[in-house]
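Two complexes follow with chain A in common, the first pairing it with chain B and the second with chain C.
Take a look at the complex of A and B:
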């Protein structure tokens, strides 16, 4: 009864079914080196330039010099925040693109940014609270609420037009909440001023105690995301075939939503809405390493972190002594990178 | 008229009813799939053939009745266990843009892999064997988007073969293929049944192909089984008229000796 179909002896001289993932490994190596350089640069560059040698010394042995204080109290927290936020946005973007098969999908599509913004504004105008911790909690709660709403409206069905429903539900909720946020800030200029401070999407003033919230939430989201790569590969073949292969689309979708909410919600809560990272990272990685979501999932936090840190550094340097918001710089450098990749690969495949 | 399978088949349904939304699509279907046979389901468009296949492979939860697989009710297995015993190639399968043949076929190994496991020699052997059996080994590095319809269909079958399930269900595997590719594919399936120790079920639209290749036919209309049995037993002018509302004569296929339906 339990006999397997008789195995056919394969011709062992043939090329392997899955060629060795050179491209993925090279990309991983390149991203790791880039990340290391960018971290050092993020610690060394700014209004007060230091040599990277000096920075490493101060990291190993902090002293009471002004340089040491700048590094330990300002640049290190900012760099770590950039790493966390970038990694989270990269992972969330990969999940949403795998889920919707829409190359234009962005974690903001689930209403996460608009939900967070709305909650922050409501908190400000109703309760007049302008405390970093409360803002964090409000933003996290708001994004979770929106993600659940979008999931109920469009994500839980498994019909043929499920992807379209998801996108439409996300857009509808984002737009209507954006309008509500707009109305509140239009009539209350005090709220508008505080809101603007959050909405610029900046890494410069992480509130104390932020990491004790951020690390576990992003860590949990990352573990879920990384474990879903293989199942998303099965889902990419269509729901029926995925089910036949033993992947459970409904469960995978629910877990993906949870992970996106944890990752993108906490990143948005901590640093304000930063667009474009979640869009450009999975796109670029797919062009570089192919269609395997497991590889893309592992590489996306590296690429996301590198992109956010580079943007933050450039934003600090371009308009000294002012600063350009990290979200804007991300779009500024992400677009040419993406366009370059697309042009390069469309040439090659011809 | 009906074949009565005297031993329990690996796969059979017991008074199975399947709904789509609030509409009942399949009514009270009790059917046993002969082990190691090639069973073909025929019937007019929209009669519930795909739905039955989906029900047999636990893609639709029965509203009444049960499906039994290898001696247990199918819902008592984990999804992974079912996926190691029973494969389904649905009509709706889609290849991710830009994916290569080797990678696509290797996704058939999903039921054998864990979240963070690596590619094993066993996976490699199964995928190469599946590619070889479907003569797609030389396409291994081609992008699926660039293949012809016949090649693409063979690649999908390779994916289902790489799953190495003793029972394999195929929904209209020959649709969109020209006549030569249809015959090639059906020969491939017959070959798999004979050499591979597999139980095959396919939905086919061409009655004459069904008669030539099937050892068991299931004829459906309006969500019920009208008749079932070997082609020689059940393909008669009156049955065909009952099934499709088509008046015809049945002669003997000059090549295979199986029934040949000629519409009037």
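Take a look at the complex of A and C:
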């Protein structure tokens, strides 16, 4: 936020374009194998005790037993949902950190979580609707509305204070909407009862017809995000240099905003606000592969999906025979990871 | 051969009888020879002097509201549980003749932070509350407003708590008669059970969460005393157990009683394993009132539970 050149710029100029990016490839390979293991674990681990042999048998040939129902109607949908949500949150987090050049930014900063929460609460309290489909629509609409508002307030301007304006607008909108949500839930405890379960973030009760909404929205967001990697590298050099390199800062910013809203909005609508994924994933990837946003952008959906699935699996196993919601576990394991990264960073820079 | 279930049933029946006995003898100790005023009442935090028969009583917990209504007295003020009516539905149904009086009760706000000013303005002559509702210095604060009697709260202590309240009101005799009627009804049902009594199970769907009410809960203790068995998967003590939707079959029994809160009903019926339960297939899954069964502990809640169980459960 100050005038001296940030380490981001210093690193991008020494971009690894000359040497072959072995680190990034190795990381991609490691993440892919990790994801594969995690998907298998997500199908075979849970409150219901089943041997992996039995799980494979039922996956090959489903029958009418309760075990088969658990795998096909419970574990498989939540695994797919976890993959989608994690990938979307990882991508959205990377975009927002690249866009704001703020290492503490997470998708919630654009007011997306608070916008979704507010819309869900208003839907619950005004219309008394506690239907998963309506909640999905309300959350999507609320997060989109909020992102547009933040963009108008802080994102559209040019100049070197632009990042600060964006972050401040996001924080201001988030806080005031959070207050509105607080007022409603404080006085209408029936709403609070429904809201609190949504607000912790959970994968185990996907609303019907979810994937027909979720897949195209997340797909579109992902395509935009992945196409922006190189332009974000240019933008990291400052608006003037970016313009000279052929990237339109205003256009890149608007597209990033759109992608973040689509990705984070739909993920939040589907599973509730799940924190820390969008914050931790880009940090961890920067440590592993360097500052090139193109690589980070491609790897972030893999890392995000793996983190969300690992959290979900842990949540199924630590309070047997009950479950902990994925949002709670994510925050629980996300905090030490983040602290570790901060300590690591500060040791390096010393 | 003595099978496991018969043995457990026998021991639990014996336990239920011994559990009832000390509560009664304790109450006999507390009960003064005659209903004289002023009198000292023993309770959880010591002895409280009550100068005359209380007329204007404040009840902080629903269990005490339940106890007061059971003894025929409508309190002047009560607190509310967030999101619930001042008087839970089961009490309104149990005391239709008190409908107007119940509507006159002053709302003292949420249970967590009662409105002390309004409470003081009511000029009560007795304040009843659970130990769990007490905060730092709370007892001293309440005692400065009116004589305060503290009970333990929680399901398993309902009998003891009821007798403390009755004693503070000078209506211990009525309370004993009331309990004797309940006990004889329970005894009759319990002794009518054969050597293989049906199993019962109690499920609570609060939003998307599923919870089994265990043998340590109010409803668990009552069903044990009624000689009803628990299914094999539920042979544990404790108050309640959260279960994953993947383990919904732990809730299966000959008779399944389920209650819901918030979106609980929709989310329970949507569970893929719900239709796999024997009780659901055989139409022996019965929806019950969460307030009376799971959320409050008082004599009329117990009466509601016992009546529901004895009217519903048949050998299969």
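The rule we apply is simple: the second predicted complex is superposed on the first by the 317 of 350 C-alpha atoms of A that agree within 3 Å, B and C clash if a C-alpha of one lies under 4 Å from a C-alpha of the other, contacts with A are read in each partner's own complex, and residues count from 1 in each chain.
Here is the rule we go by: contacts are C-beta pairs under 8 Å (C-beta built on N, C-alpha and C of every residue); 3 or more make two chains touch, one makes a residue touch a chain.
None of these values were measured; they are calculated from a predicted model.
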item: Chain B versus chain C as contact partner of A:194, first or second or both or neither; value: second
item: Chain B versus chain C as contact partner of A:237, first or second or both or neither; value: first
item: Most chain A residues touched (candidates chain B, chain C); value: B
item: Which of chain B and chain C A:336 touches, first, second, both or neither; value: neither
item: Chain B versus chain C as contact partner of A:247, first or second or both or neither; value: first
item: Chain B-touching residues of chain A, taken from the complex the two chains share; value: 1-12, 14-19, 160, 226-227, 229-230, 233-234, 236-241, 243-248, 290-292
item: Chain B - residues contacting chain A, complex; value: 10, 54, 57-59, 70-71, 78-80, 82-84, 86-90, 92-100, 102-103, 105-108, 110-111, 113, 115-116, 119, 123-129, 131-133, 137, 140-141, 163-166, 195-198
item: Residue ranges of chain C in contact with chain A within the complex; value: 82-83, 206-209, 241-247, 249-250, 261-263, 266-267, 270, 272-273, 276
item: In the complex with chain C, residue positions of chain A that touch it; value: 46-48, 66, 69-70, 73-75, 130-131, 189-190, 192-194, 196-197, 202, 204-205, 316, 319-323
